[in-house]
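Note that chain A is present in both complexes that follow, paired respectively with chain B and with chain C.
Right, the complex of A and B next:
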């Protein structure tokens, strides 16, 4: 009986593992192999082993674009992760109180998560439209001429704003669930000891939210370092590549334009993977240690 | 209770397995069902002349990209041709599909060819990268002997359809880069089409002084700026360096830092800064034809293909006009329109219906059929025919002098910004520093494209560039 019970969970995992192998692991391995070839994606075209040539090219001829994409990705990831999680904790804290209409507000904050990147992107593309967008019109009433998505100084920050707006609800929900898991008795004991709400938030809520913070930060870092969908809709990585993240760079090289280079794009994807892996490894180590301390 | 949970888990596992199997069983029949017509068409091996009379049923699958606002006109024109062909060859069924645009089309086309699920594919007129990527002499059906080829202008056959002395695709149309004009606004301010750069600036200044934004570009997607760059290069740089692109493709040599290139960058940046809507970097390309048609701007530097989009948007002005861009001081240099090959039909040589492919393409290229098709889509014709309508009327005077645009010339892996993206969309570079930047990009990317040098020789360049 016990032996049979031991087998069932593994059997249940088989379909999911099968999908994971077929649609995640195998394509990832194939991508790493493609990065060492001159694969063009064109039918009946021979594929040649080129060793590290794609990587060499990435660090020579295309270094300008690689460095710029890494810089953009770093700014994007740091700001999205920091601001999104900071705001999400605050919103979750407010919505965890006895605020009137909190369920409606919770739904509204979560709504962009349901809408998805394309719709969110189109909504904000229209909002920011430099000729007639509501944001443009609003700023114009204050005498400010704006072209937020078309200006090299503001495009990246406009995209970051939309990314945070789109994903705030998801982070908020995880924090809210974490907050609702904190026993009320701890707050009650704090009240008896004369703790103010702000002190309770700082000394009780935040430390006990450590597991939620870990998961939210890691998801935000991974999501922001690999994203391209929203950027594709909003700016196409422009203007002048100032909002081209690594993910967008991979997409452009693999699929866009007349001379697509999937082998070269695979090399960029591998660099992206290495960077994400390294960052996540360090962050996970730090956050887990922090969890243990708290 | 425990047993029930195990039973439940077991049921879930079986359910999941059933879903997987069901998914597999749903996808399994598709190849068989889609391959059925191919197998049924296998017996056709009749020569071109008799293909129409072949007894066995033949299925030809034809694919192309979606041509945007002109897609309906394109589909209508295709239906007209295919219905006529059906009368000639009742045993041949043509299935025509439009498979998206841009990256969607590129991927769909590759997938269909890789799966051998297409007999005739749309192509652009050959550029070096198409020859490298598609290897026409290995993959395409030889069309050299079909009678319709004789109907095409030899320059277009050489430029867009040939490789290694044979014809591998039938290019129906080509496109060029021009400046569309709202003639009502031009007339209102007594403006003429500019002949020189001074005239071009005069047009811009006059419009600005009358509170009209002279021109618009769609810069959000960055790549469409290559039309604007192409016009600047053709008028300013090319006349002084006619062998530049030929040397680049044949010998791998190029100098982007010459005074002519610097002047090209300078005037492109100057015009974009002074006379184009300052918001252009945030304006999405697919909207510019509509904005221009709405009468918001007097000029739209773009492709000839935008003519259909402007007409589809029902212009607020009465007369549409066009001129070749005037970035040079010499009026003669400004008369050459940069062009490249557009929609072409290429047959795949793995098809079991090669004779029917030849027969269909040949039919397409016959004068009457071609005339009716081109009247429907109104692109620049590669045969000597006359088209009527506001768009062809505006374009006709500009077709006397053409040369291959730089737009589609880069070899795979060759890095130089042929849309002048960072020059036009940021203030990071001066024309001089941009020239140095472009040169460095080009030189550093050499290991990626060096292997293609030697593939194209001087004889090919003479035919392709006509010089």
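Right, the complex of A and C next:
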């Protein structure tokens, strides 16, 4: 059929290729080129080559912001990846059982994935509100008077909490799918040998779940090092840039701050890309090796 | 003697196993309960705040609202121009979902069947779209140069270009459809396009439903896209409208809560009825990607 159709199969590819190249692939690849210009984003303003000036500025004048953004990204990525996956394994394990109410809990935990960053962010904005938010009142009973999102010491951790709350369901579903792929016979053999559920979890579930763990950890690392939707809704990187990750920094520099400079922001985006790439490369190596050993 | 001892041992270990399982079960239920509360309380709290008066919110926000103030909903709806946002989102969602599905199906079929030379190369090319970072700044430049920045057309075009995910899922699905039909159709001299739309598309329905649903949810939830590419309020979709409302009415907690409920309601309903497909779509895209 393919040969008989002549040019038609190629024509069918044209629309998808056109949209994909023009708005996705080429833009993704040419961010590096924009990082070498003084692109302002304003219409009818000429664009000039400035060489590595954006990078030297990033490492001199804006060094403090870059270093802070890298630190914030590191804390955000490590905590989100670790806690989200740790909790997700535990929750998936509990839900992969015959416990009552498991389906309701599963749906409820997954719901935020569907609701999206704006709704999730605002739900917690209302929960954290300094006037009568339940979180604020709960803290007040312990004698802590604080506006979590407005405090430089707590804003980042409040955002991390909401990020995990919002995405736990996603990791949980991938783990659940992985657990359901483990043959029941292995557990039954364990039961005959007198294995406790906890021992079965440690010695059967976790080792056989290695592929799911690899996927989830990699997705969480990439996601947490690049995402900023929820941070944007909750704090926009504030207060005093204490919750400004690299992705948030790029966005604020390119589009949202008072003095936007997309060319300069492109340089930050390149630094971010290099960091994500390096981290993923190293993690991929270790995770795959662990899989092979098991 | 030895025999007896081993029996005794077995029963004690059985008994302790039983106890551990009991305690474990209680612990498991306790954890599930905590989880249920952590997820249900924020959502329930927003629901309560959405129907209470400002003065009650200041005094005792978490208490059952009396009187029940349903007027927050029409107030938020009118003041936030949510009618316009809903209209825009509906337009964006329908055109992006239909456009993406048509274009992705057209591209997925020849690639899946190897009807084009270098089909594996095309496959990898689209696959790269799932891995590469989004080039927001060049995208901004391209839309400006094409004169479609801050227009409905520009936003729709940009979203249709997020086609890698759809092509990826559809290729996998088409490979599972027998190609015997293809040959029969070729003998009949059935036109290529007509064959795709009349024979393949009906068989693809489940996969199209999954891709369509995921695309719709992503468009519905997009916040960064409209903030950058649709600065004009009149053409903003719902999530950006909700954000706009929140930036303008920062201290109007009860109105913000009712706006959140208004925006979340369609998604919650959609989730209730299509949960299985949504979960399958979101996780399969992730696992294979």
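As a convention for this text, the second predicted complex is superposed on the first by the 268 of 294 C-alpha atoms of A that agree within 3 Å, B and C clash if a C-alpha of one lies under 4 Å from a C-alpha of the other, contacts with A are read in each partner's own complex, and residues count from 1 in each chain.
In the analysis below, a contact is a pair of C-beta atoms (placed from the backbone, for glycine too) under 8 Å apart; a residue touches a chain by one contact, two chains touch by 3 or more.
Note that the coordinates shown come from a computational prediction; the quantities given were computed from them, not determined experimentally.
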May I ask you to decide whether A:131 touches chain B, chain C, both, or neither, giving the answer as first, second, both or neither? both
Partner chain(s) touched by A:8 [first = chain B, second = chain C, both, neither]: both
Determine, under the contact definition given at the top, whether A:150 touches first (chain B), second (chain C), both, or neither. first
Which partner does A:290 contact after superposing on A: first (chain B), second (chain C), both, neither? neither
Touching partner for A:34 - first (chain B), second (chain C), both, neither: second
Under the stated touch criterion, name the partner, chain B or chain C, that contacts more residues in chain A. C
Touch test for A:45: chain B only (first), chain C only (second), both, or neither? first
Just to be sure I read the superposition right, which of the two partners does A:242 touch: chain B = first, chain C = second, or both, or neither? first
Give one of first, second, both or neither to describe whether A:202 is in contact with chain B, with chain C, with both, or with none. neither
Which positions of chain A sit in both the chain B and the chain C interface? 4-5, 8-9, 12, 15-16, 41, 43, 125, 129, 131, 255-256
Which of the residues in chain C end up touching chain A in this complex? 13-14, 17, 20-21, 24-25, 28-29, 31-32, 35-36, 38-43, 45-46, 49, 57-62, 103-104, 106-107, 109-111, 113-116, 122, 125-126, 128-129, 132-142, 144, 157-158, 160-164, 167, 182-183, 185-186, 191-193, 195-196, 217, 220-221, 223-224, 227-228, 239-240, 242-243, 246, 253, 256-257, 260, 263-264, 267-268, 270-271, 275, 278-279, 282-283, 286-287
Contacting residues of chain A [partner chain C, same complex]: 1-2, 4-5, 8-10, 12-13, 15-17, 19-20, 22-31, 33-34, 39, 41, 43, 90-91, 94-95, 97, 99, 101-102, 104-105, 107-119, 122-127, 129, 131-134, 137, 165, 170, 173-174, 177, 194, 196-198, 215, 219, 226, 228-229, 232-233, 250-251, 254-256, 262-263, 265-266, 269, 272-273, 276
In their shared complex, chain A is touched by residues of chain B numbered 2, 6, 9-10, 12-13, 16-17, 19-20, 102-103, 106-107, 110, 113-114, 127, 129, 133-135, 138-139, 219-223, 278-284, 291, 408, 410-415, 421-422, 425-428, 437, 441, 444-448
For chain A, which residues are in contact with chain B within the complex? 4-5, 8-9, 11-12, 14-16, 18, 40-45, 53, 56-57, 60-64, 125, 128-131, 147-152, 235-242, 255-261, 264
